[in-house]
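Order as written gives the chain letters A, B, C, D and E; numbering starts at 1 within each chain.
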Amino acid sequence: MSTLEIEQLSKSFGSQPILEQLQFHVKEGEFVSLLGPSGSGKSTIFHLIGGLYKPDYGSIRLNGNEISGQKGSISYMPQTPSLFPWRTILENVTLGVELFEKPDKEKAKKMLERAGLADYIDAYPHELSGGMRQRVAFIRSILSPQPFICLDEPFSALDEFTRLEMQKWLLSIWDEERPSVLFVTHNIEEAIFLSDRILVLGSKPAQVIKEFDIAFDRPRNGELTLTSEFLDVKKAVYQTLRGELDD
Amino acid sequence: MFEKSYSAIIVIVSILTIWEITSRLLQIPTWILPAPTTIVQEAFTSWHNYNHHILSTITLTGSGFAIGVSVGLLIAILLHLVPRIREALYPLLILSQNIPIIVLAPLLVIWFGFGITPKLLIITLVCFFPIAVATIDGLKQTNPELIHYMKMAGATNRQIFTKLELPHAIPQLFSGLKISATYSVMGAVISEWLGANQGIGVYMTLASSSFRTDRVFVAIFFIMILCLIFFSLIITAERLILKWRPSEEGKR
Amino acid sequence: GNSDSAEELEEVTFVLDWTPNTNHTGLYVAQEKGYFEEQGLDVEIVMPGEAGADQTVATGKAQFGISAQEAVTEARVQDIPIVSIAAVIQHNTSGFAAPKEKGITSPADFAGKTYGGWGAPVEAAVIDSLMKQEDASVEDVEIINMGNTDFFTAVERDVDFAWIYYGWTGVQAELRDVELDMLYLTDYSEKLDYYTPVITTNETMIEENPETVSAMVAALEKGYQFAIENPSDAADILVVEVPDLDEELVHASQEWLSPKYQDDAEQWGIQTEDVWRNYAEWMFENDLLESELDVEAAFTNEFLPE
Amino acid sequence: MFEKSYSAIIVIVSILTIWEITSRLLQIPTWILPAPTTIVQEAFTSWHNYNHHILSTITLTGSGFAIGVSVGLLIAILLHLVPRIREALYPLLILSQNIPIIVLAPLLVIWFGFGITPKLLIITLVCFFPIAVATIDGLKQTNPELIHYMKMAGATNRQIFTKLELPHAIPQLFSGLKISATYSVMGAVISEWLGANQGIGVYMTLASSSFRTDRVFVAIFFIMILCLIFFSLIITAERLILKWRPSEEGKR
Amino acid sequence: MSTLEIEQLSKSFGSQPILEQLQFHVKEGEFVSLLGPSGSGKSTIFHLIGGLYKPDYGSIRLNGNEISGQKGSISYMPQTPSLFPWRTILENVTLGVELFEKPDKEKAKKMLERAGLADYIDAYPHELSGGMRQRVAFIRSILSPQPFICLDEPFSALDEFTRLEMQKWLLSIWDEERPSVLFVTHNIEEAIFLSDRILVLGSKPAQVIKEFDIAFDRPRNGELTLTSEFLDVKKAVYQTLRGELDD
């Protein structure tokens, strides 16, 4: 149900061009990752898709409709958890749904349990560790009703195992409901493990310098990361990114 | 603050003691500054003379404060939500605080007579302003990161307002409430000078014009008690509502 | 001259009872014409604002002030040591006023009407003693408190009659062509013919600086004498000294008031014990005083020039 | 706000116009409510009579406000830094706002005479409170994350205060300043009723007691102008000092 | 000059024990990493060393002096950047020094340039991307004068290359001045690449379940991560962590 087409997207802050003539698309039910140097403009792309800023030029179409400057079309997880300090964890995760319908508390509780936060359902954000807050923000976005999901470095503060757990969980959810996902990460393995396609961004200004189709069968599991095919892809992505940085 | 208020009580009691002792030592005449014991004595002996005044002022203060707070909040919300109105009306708000009672009084009397309406208007005028200013500023200072999240998540302006900005402004709203609560009792007393048949304000002017300084101080005493009660109600409400705040460990 | 050190002027503060008006003309004349200087005084005239004149004079922050017999009476009963040293106007010029259309021509007409006052018990007592003479009672009058509202505003709404000084508010009504019915207290009761306003000082001054007090009274006497003889010039002086006053009102008021300062008395400022005693007794009888007044101590004529 | 103030000006001008028209149509007598043109005319013709009053009030307001702000800030800082003092003094602050002028005035005159001191005291009393309350609340609400960093980094209490809490409280301090600035002019006018020889307050009472309603309104007019000027100075300062704030793109 | 000895350290929040009888030490000039599940108590350990909280029990000694409850003994980089919004980037990085002495602006500027933030010296934090803010916080801690440095996930928001850059830079600084470093990360490779020793923490309550001595020669470079010895260590650490999580 959800396709995203971005065309000739340009945006600058002050005199500094951040995005220029950016062009890519996400197909229905596709899982696409964005990789790129820090400060290249990944979060800015999300902000534009989410309608927070208006592009200077270009178009953003969701399911064929122009949505630039239009808010609320995506389920969104920001780079910083952005939890509401006066809401409990449970109230925080249901916030995204609440904006549109009556939230299903039981479902939210189950998700929190699944993420290892069973003991913290009624805690306030300031009582949580960094990684725990990130998981809360992740669940909040997963619970949001929009079928197009944008995740901005959702697992960066997690240890490898919790991260793997969450990745698997994300994949299982994705398998069930097949939303389209746009995923920002700095972890190349993570990107390969999860995605159908990886877009590598160059910086200043950002444009897509290379695309990788990740053809591994689904469902995928942890073993995959040890296969040589996986390592080959990883190396290729790595080289591309390095090339970008060496310029 | 009022739970651990023993130190406040100590201070107040010491002030009263010093006052009492100086009064007695310097033999300050009652009509200049009555000693606390004289005041208390007068308070007890003529209780039946003025208790209806107190009741009347409490009612006036309560209703005036309620109206003032509502008006203040409404104005703040309106001015926050509609920037055009903010630009147009903010200066008027400020001007409203600068209409001297001396001018307002006759106009109010001509328009509303000597009933309760003009008095409520005056209390409202006194109370709404601190709340409006504090709330407007509070609303304006909402954490931009959270606003960004709400917008991206598709919250309507109304939702951003009710779910984010309003709760976020509550601490500042309480600053305003505290200031207003403090002024409300005095506002009621002033409004009674506008022509009333009962109330602490009336009792006080009469006492003052017949040189009964002790009674004037009885009146002040009740004004202050009333005000402290009001204030502590606000503080209690603040503590209940803001209970999510991090506790003090790791704070100063 | 009473001044012992002719070079050095003695600085004294004179606090008014209200804003400057024609009751104070003599004071401003004395200031302007240098009568105070002649007496060795350097007088600063201040308005009391909210502070009130009587306590200020009693504590000595101001040496002289303007008050009224009723206030001095109440103050002295509360042990506030102020003394009246001269009456500015010989007879009480206050009374109950109502716009013509209210149809209040005698105290009996008060019945069924609304009186606007400031809530003091004395008001009901005065109204009652007027009405009693015509077999009416204050019970039938609705008394409301009009606070700081001025007469003209109050009678626009709710209020039918109020207590005014004719020399200011009454004259203003004439200027505005508002026709008033005026019932003077003196027309109805001997006892209510008290002195208002009066010049006051405190007991300490009388004991320790009697010359200063004499000097003050002498200068004032000269000033008021001038005002009695030259109403128009005196009004001009007042307007020059206090330019924010309304010139027309000052002149009209002065014309009306000048003959009333001395009136039938043998000398400006003189006060009689009868007037003081009558009014104090009346107040005491009406439960307006907690104890009887020591009349002799409340006023004195001793500083009036020979 | 005052840059884009054309809409405010439009509103004010319309109010004045309506007022003028009603005055003329209903032939409201000048002594009840003078028409704006009458007021302006009076303002021009008697300018030489009252300009010294305005100057005197400006001086009084300025110095009183400065003292009030300093006192308010000092109290806020003291109460914030020493919790024991906070508990003991906070109730007294509130009480200080409930001493009626009618009581305070004679006492102040008795203690300080008719000079400038008691007047400054009254303005200070009016101005310091909103600033103190707003600043105390502002200081209390400092972002705990930043406090944690400062402590871990070894900042002394003094450094936490000057480098973190104070800058963090500035937006709220400005709320307080706005409220106080609004009150300061009125405070000066009231303090002039305490026995002064010049000032807008004196001019106004004189005008009022000689039934010159038009002059009363001239006085109000200047009170309001003064107040708006004060207020816009504060807002300008706020804008200069808080220039680091995120711009409005992406905000409402 | 800086040794840290932690003994029998216990801390609970409410009824929940977070640390219990925690015991470890950091030798002079040593680089020690802490690895452990999200929410296990790593940041809490830092807070205790920094004196933000008082331990319920146990001692923390820096150079032999008890410092529990005593603030300012360490250079600290918190898990969230915690920049002051009203200070420019330059003013933010000098904050840590400022508390003790007059900051050296030129040095600070050079460091910002080195971290790729030359264009942002006078910008305010809200104009920076997540990774850029993290680098600012990192420089702030590096500039702080205390010789014992605690870094809480300093590079989690950086892309692999910027991260490698920063790691190398950190090592070069460390080589020059030899401060003692306590380093929290979720990235096992990073821990191995940087550290002399790795402590793996168990959770609920946290204690050191295993120590790894990392004996690779210094100076180290990027190649190292491709050697089989490196991979062996990585596997071992991985197993330990997994074991902890599977319990």
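One rule holds in what follows: a residue touches a chain if its C-beta (ideal position, glycine included) is under 8 Å from a C-beta of that chain, and two chains touch if they have at least 3 such contacts.
None of these values were measured; they are calculated from a predicted model.
K.L.:
Give the chains in contact with both chain C and chain D, ordered by label.
P.N.:
A chain counts here if it touches both chain C and chain D, which gives B.
K.L.:
Name the chain whose C-alpha centroid is most distant from the C-alpha centroid of chain E.
P.N.:
C
K.L.:
Distance from the CA centroid of chain A to that of chain B, rounded to the nearest Å?
P.N.:
Chain centroid spacing, chain A to chain B, equals 50 Å.
K.L.:
Nearest whole angstrom, what separates the Cα centre of chain A from the Cα centre of chain E?
P.N.:
Each chain reduced to its C-alpha mean, chain A and chain E end up 27 Å apart.
K.L.:
Identify all positions of chain B at which a residue touches two or more other chains, and write them in rising order.
P.N.:
Residues 32, 102, 106, 110, 144, 148, 151, 205, 208, 246, 250.
K.L.:
Find every residue in chain C that makes contact with two or more other chains and list them.
P.N.:
If we look for residues of chain C contacting two or more partner chains, we find 52, 55, 59, 150, 153, 156.
K.L.:
Residue numbers in chain A touching 2 or more other chains?
P.N.:
47, 52, 80, 126
K.L.:
Chain D touches which residues of chain E in the complex?
P.N.:
On the chain E side, the touching residues are 46-47, 50-52, 71-76, 78, 80, 82, 84-87, 95-96, 98-100, 124, 126, 144, 146.
K.L.:
Touching residues of chain E toward chain A in the complex: what are they?
P.N.:
13, 16, 35-39, 43, 79-80, 116, 119, 127-132, 135, 153, 156-163, 186-188, 238, 241-242, 245
K.L.:
Can you list the chain C residues touching chain D in their complex?
P.N.:
For this pair, the touching residues of chain C are 13, 15, 18-21, 44, 46-52, 55-56, 59, 61-62, 150, 152-153, 156, 172, 176, 242-246, 249-250.
K.L.:
If you look only at chain B, which of its residues touch chain C in the complex?
P.N.:
Those residues of chain B that touch chain C are 29-32, 101-102, 105-106, 109-110, 113-114, 192-197, 202, 205-206, 208-213.
K.L.:
Give every residue of chain B touching chain A within the complex, in rising order.
P.N.:
Per the stated touch rule, the residues are 145-146, 148-156, 159, 163-164, 167, 242, 244-246.
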